[in-house]
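The structure appears right after this line, and notes come after that.
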Amino acid sequence: MTREEVLLDFTSRFHEDILDLYDKSHSRVYITVRPESMVRIGTYLFRNLGARFNIASGTDMPPNIEILYHFIVEDINLLISLRVLIDREHPVMDSLGKDIEALNWIEREMSELLGITFTGHPDPRRLLLADNWPEGVYPLRQDYEEWDEKADRTRGV
Amino acid sequence: MTFVYLIVFGFAATAALGLVTSWIDRKVTARVQYRVGPPFLQPFIDIVKLLGKETVIPAGASRGTFLMAPVIGLAGVVAAATLFWVNQFFEGGFMGDWIVAIYLLTVPSLSIILGGFASRNPLASLGASREMKLVMAYELPFILATLVPVIWAGDLSISGIIENQSDGITAGHLSGIIALIVALLCVQAKLALVPFDIPEAETEIVEGPLVEYSGPGLAVFRLMKNMLLFTLPFFLIILFFGGMRLNGINILWTLLEYVGIVALITVIRNTNPRVRIDQAVRFFWGPMTVLATAAVVLALNGI
Amino acid sequence: MKYLIDALKNPGGYFASTPLSVVCAVFAAMFFVFTVVYSFRHMSGRKGLWRYYIYILATFLATLGILFSANFLLLLVLWGFLGLMLYLLIGFGREEGTPESARKSLAIIGGTDVLLLLGIVLIWSIRYGSTGLPGFLRLPFAGMGIQLDTTGSVIAYLCLASAAFAKAGAMPFHTWLPDTARDAPVPVTAFLPASLDKLLGIYFLARVTLEVFVMTPAMNTVLMALGSVTIMAAVMMALVQHDLKRLLGYHAVSQVGYMVLGIGTGNPVGIAGALFHMFNNTIYKSSLFLAGGEVERRTGTSDLARLGGLVKAMPMVFAAFLIASLSISGVPPFNGFASKWMLYQGVISGGGTLWVVWLVAAMLGSALTLASFMKLVHSVFLGQPSQISREVIESREKTGFFTILPLAVLSLLCIGLGVIAWKIPFADYFRPGVGGELHMPGIWQSGPATLVLLAGLVIGYLIYLSGSIRKARIVAPFIGGETLEKNPDMRVSGVDFYRTIREIGILKVIYRLAEKKLFDLYEVLQKIAAGFGIVFSFMHNGILSRYLLWFVIGLAVLCIVLI
Amino acid sequence: MSLKLKALLKSPWVFHLSTGSCNNCDIETLDCLTPRFDIERFGMLLAGSIKHADVLLVTGSGNRMSVERLKALWEQVPKPCLVVAIGTCAASRGIFKDSYNCPQPLDQIIPVDVYIPGCPPKPEAIIAGVVKLIERVGGSQ
Amino acid sequence: MGRTIIPIGPYHPLQEEPELFTLTVEGETVVDIDVRIGYNHRGIEKLSEMKTFENSTFVVERICGICSTSHPFAYTRAVEDVFPMEVPIRAKYIRTIIAEGERIHSHLLWLGLAGHFLGYNTVYMWAWKLREEILDVMEILSGNRNNYAMFKPGGVRRDIKPEDIPICIRKIESILPTLDMLKKAVLDDPVLHARLKGVGVMTYQEAIDFSALGPTSRASGVARDVRKDSPYGAYQEMEWDMIVTSNGDVFDKAVVRILEMFESAKIMRFCLEHLPGGEIDANIKDVPPGEGIGHIEAPRGETFHYVKSDGTNRPVRHKVRAPTFMNLPTYKATVQGETISDATIILAAIDPCYCCTERIAVKDTGGRILYGGKDLIQLSREKTDRIKRRMGVR
């Protein structure tokens, strides 16, 4: 399949779910989709189109949290980034990690760094932060503030 | 009184030669790896340094057993070494025979195992269990291989084995050579050197049974290992080359034999990766046992 | 009746004393005392204790009877009586009901008792066939010197040997032993299967071999082969056990192999070694069982997976257990080494053409014994404490005096007999019993060797003194920075230590077969019997006449066979 | 200087601890063992267990999780033991000063004997640092 | 029954960086495995948001010492993708040279460590001795052994001097015979075969499911390489082979890495010989609002950077994904059922780099270059010389 065919097939198949499509360059496409249909689209991309999952990146953009799921279709060198906007106050998202192993860790990471709850995640433990890190403090949020009174920020080169 | 001298000699000479051998081993290793290697006194300095270090005992471990284990091992090596020295340089010899030697030489392994078990550390326990499995594995071919000189000598006692080789060493026969090869590999395992350093696999289980030892405990263990590094080649020389002969040109031969064995051990350790414990057991119970059995059969038939 | 009165009138004809039986009796008396002492605490609070002590006493008396008996028939009766006592004593292991293993041991020992009877009948027919019943009753248990040249005599020997094997627990009649060890109360196991039965079995085998028959090389080889197989097979099974008492039970089997091997050499050194080993074995094996029993009493379990780290709770028991373990594994200079060394001498000089095989089997067996005892030492006393162990350690209960006393005496014996080696017990007791010139090819001077080992210990201690050993600091173990307290799962239980061995090549198959109990004579026979049972249930349909018919047919067949 | 201390300085076994580093210092530390630098010349060995260590080589910027372990490990080292902070991160956290996961510099956690700056310090610099440390300890006695 | 947890780490000789693997074992067989990372998490993604686009390059460089080219490379490509724009051809060549040099040194490092993990210290020493030569080349080219500081958005920071080129080519040529010998020593050793073949097999499907990357996936027959699939730098300018094997075991992973070194040397040589003239920097002034993605083939697999800009001189969001982040979870598929001894080498075989995995670099607001690596190096070098002289060592 060529790039055009893939995109055409994709947009026609998920016509209802796609909110916006930004064809940036010959190898980059940004597609905004509905959060509730993300699992379906992601699974289709991964399983049927044979795309490789790159990574997901969550960004705190008040009043939303934006998650970008990056997939690459390597045969046509097309990087498809699926954009999902979820509510910052109640960041809940369906888990893809339960179907696709590759997403397991990144969802764990996003949930602890950005506070997104992935429903149905098979292994929702902490991945990176220390055991004594307080609940409800998410370092990648824009309003993150130092919570550790022992912290010493004076020394450095 | 003679006896006291014997023991002191057995200990001091073995320790000194063992430390030197350890230096040779480290130096050769370094040269193989394009490195300079440690200075001559390094093994000795290591021991002295360890003696000066603090002793730490893992919480919840049995203090008595933990500290006793290295000493038991040392006693085993001292006894084995004394046995060899005495039989080498005393007319008639006494104290024990081939069977005693084999049993005494398992005592160091036993002490390492006990020490590992007493450390209350899962890694040490695992390492000690591997050591035990390794002992089980190499014991069979080791017994068989060292039986060949006994068959040739027709005598069980160490001094008898030495004497009976005065007109023809065991390694001069085909069976002797095969047995020597097997015994050498078993010695490699007894010394826990690569490829059989499975019990102490540093990059798997962090030195295994020795993980908790520090200061004097570790010093004694290291000393024990260094002494073994001398005692085992000595045992092989006794069995296969008719012992150390310190007269005339024979000194050179003895030296050559000794250095040859140590060099072989070092080279084997530097040209192989560590094997898995099941591979080691298979190796010893399979090809090595077959080889050793063949050697025994050949020896029984006078080949 | 007449002969009974006769016997009472003239005990000399029925009882005789040899140096060997005297020393055996001394040992038996010692174990009797230990068992009773140990039982005070261990058995306290059980029902029917008076019966228990009576059984123990009866067992002891019967043992003495056998040891001093000079008459085959008397021996047979007492022999059978002992089997019954064992059955009854195993029953004390449970609050109610008799365990399956008791039935199993009764079946095996009783079965071999029948063989014993058969053997005696055969001997009688060979030697005194013409004198009839009176001669049978007076059949002396000494100096007959029957040649093993006819089928009858060979069968007779095998029958007698089977009885000895079953009593001592050698292959192929060993299978009752591990099960019994698991079910019976510990003092019973220590008293009967571990001590007296061994003593009697080997005593009987030695006497039969030495005095009743004249051995042939072929029979020697058979004995040695059986001994070697017993050593290896039992110790391999012991390696993978995960119950403390069962593991010890397998070792009770394995050690018998050494004795059978020694007697099989037919060489005075070998036989003397076997007898010496028998004594040593009873010493350390009792010690092991008693120590194991204390562990079980305190923790309430003998499952190795649930034990560990008990050294903090019972250091004395651990010390005794360790000494006995080293002893059974043949670490010099303990007594196990002394007798094993003698055995090896016997094997080397009297082992026939296959001496290398027997020697290597015995020596490897001893390495494997060490392996399985290291597993025990780790999973019971050393290593990380389990939940149960932690509770025991926290309870801070002291080990009782009546427990320590037997253990201490036995441990001292382990060391003492090893250090003086065969000098006293051997020279004074076994040698007259064995006869013949003793020539040992090797050298083992236990005195100097012990001194050297002691010197080694002193040197080690001096090295310690020059270091910082006195101001030792207690710190957490290093497991990469994590703590054991937070991770109670980081505990190596020792149960799976030798799983690797188990999964190697042909051993895998053998172990699997062994687990199916295909090497267990009793179970196999039972299975065959069960097979018959299916046929039987087809045949009996509840009608009396049919039963009668079968009964008659059976009788007829029996008659034909017997005639 | 006592014999034991002399021996300690001639045979310092190093144990390497990383507390959240970029790996470069760690690699360069390992590099010291290799043919070009070969610290075994000075009797130094890389110890497997911390209980064998005489010198702790600490790298990294003091990540929350590893710092916790580091404190516990410091208790476990048999004394006397020296601590060498390798790299700018270990010295002062360098670029990671403001990171939410690196709250404190290393020397507020365990006592540091010597700092070797650099990102990463060259193996020569590491060796030189350790040698300087040895000289200092030897000289102060 | 008899289940035990054996910890590997966090401080373990196997790992340069602290990580905790908990192996649930029965006897010696691993039945389950879990990993706890986070011992190395430094919050680089957050730091990066506090720094300018230019300075972020330095932060990104310090995500990982071994990948100190890959991350800046991917990051600069991400920033350039915001426009999108092309960098000058000479800069492309220089970037490729540095990237391939890093690949060789990284693979050699892995090979040495793998040997070390197997107790084969000779391989370790030999490989690292060889690696020193490559580091020398890198030092000639960039002035630094590890953190090269060569990259900047829009080009490279430092030009290659023409007189250095023949020296470098000679050096690269000189290591090839030794590399060949090492290859034979490793690939023909029967004990190594026994130890590595059939161990830790990852099937093709598992590689796809886990989205495994780089040599880890190429050993399982997944013919994917960013250098081929979406060419960047100067990779489309020359002929080179992608190394793919099919068994997926540890041995194949070693084979892929060893053979890749030869390809890298080839590429490096081509670039050095055919280095075009021209500018080395496009001199980006401002980064427009928008998003950019840069992904390149690092030694361990694809490194992925995502940058979001709002028109100021700092990124709003900078997401870093190192290859190990995708490769590491594959231990679940490969380790179970193997023995403890194998588990360690299997974990090593994916060439894990936890500092990459736990990046989350945060952009720093400061803008100063926090540590001028070169100055310090210079200082320490002088110091070393002084000490060497004093100690009388050469």
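Per-chain numbering from 1; labels A, B, C, D and E assigned in written order.
Methods note: contacts are C-beta pairs under 8 Å (C-beta built on N, C-alpha and C of every residue); 3 or more make two chains touch, one makes a residue touch a chain.
Note that the structure is a prediction, hence the values are computed from the model and not measured.
A.B. asks: Chains shared as neighbours by chain A and chain D?
C.D. replies: Touching chain A as well as chain D, we find E.
A.B. asks: Given the contact rule stated at the top, which pair of chains has the most C-beta pairs in contact?
C.D. replies: B-C
A.B. asks: Where the centre of all protein Cα atoms falls, which chain's Cα centre is nearest to that point?
C.D. replies: Centroid comparison flags B as closest.
A.B. asks: Taking each chain's centre as the mean position of its Cα atoms, how many Å separate chain C from chain D?
C.D. replies: Chain centroid spacing, chain C to chain D, equals 58 Å.
A.B. asks: In angstrom, rounded to a whole number, how far apart do the mean CA points of chain A and chain B lie?
C.D. replies: Once rounded, the distance between the two centres reads 59 Å.
A.B. asks: Roughly how many whole angstrom separate the Cα centroids of chain D and chain E?
C.D. replies: For chain D versus chain E, the centre distance works out to 24 Å.
A.B. asks: Could you state the distance in Å from the CA-based centre of chain B to that of chain E?
C.D. replies: 43
A.B. asks: Can you list the chain D residues in contact with two or more other chains?
C.D. replies: In chain D, residues 34-35, 41, 48-51, 63-66, 69, 73, 76, 78, 88, 94, 97-98, 100-101 touch at least two other chains, as defined above.
A.B. asks: Specify, in ascending order, the residues of chain B that touch 2 or more different other chains.
C.D. replies: Residues 33-35, 51-56, 122-123, 126, 202-203, 206, 211-212, 215, 277-278 of chain B touch two or more partner chains.
A.B. asks: Residue numbers in chain C touching 2 or more other chains?
C.D. replies: In chain C, 473, 475-476, 478-482, 490-492, 497-498, 500 touch at least two other chains.
A.B. asks: What chain pairs are in touch here?
C.D. replies: All touching pairs, sorted by chain label, are A-D, A-E, B-C, B-D, B-E, C-D, C-E, D-E.
A.B. asks: Provide the residue numbers of chain E that touch chain C in the complex, in ascending order.
C.D. replies: Listed in rising order, the residues are 1-12, 18, 20, 22, 24, 26-29, 339.
A.B. asks: Report the residues of chain A in contact with chain E in the complex, numbered from low to high.
C.D. replies: Residues in contact with chain E: 24-25, 27-28, 30, 52-55, 57, 59, 61, 68, 70, 72, 74-75, 77, 79, 81, 100-102, 104-106, 109, 113, 126-130, 139-140, 144, 156-157.
A.B. asks: Flag every residue of chain D that touches chain E in the complex, lowest number first.
C.D. replies: Interface residues on chain D, with respect to chain E: 16-28, 30-31, 33-36, 41, 46, 48, 50, 60-61, 63-66, 69, 73, 88, 94-102, 116-122, 124-125, 127-128, 131-132.
A.B. asks: List the residues on chain C that touch chain E in their complex, please.
C.D. replies: Per the touch definition, chain C meets chain E at residues 242, 305, 479-482, 487, 489-493, 495-500.
A.B. asks: In the complex of these two chains, what residues of chain C are touching chain D?
C.D. replies: Going through chain C, the ones touching chain D are 473, 475-476, 478, 481-483.
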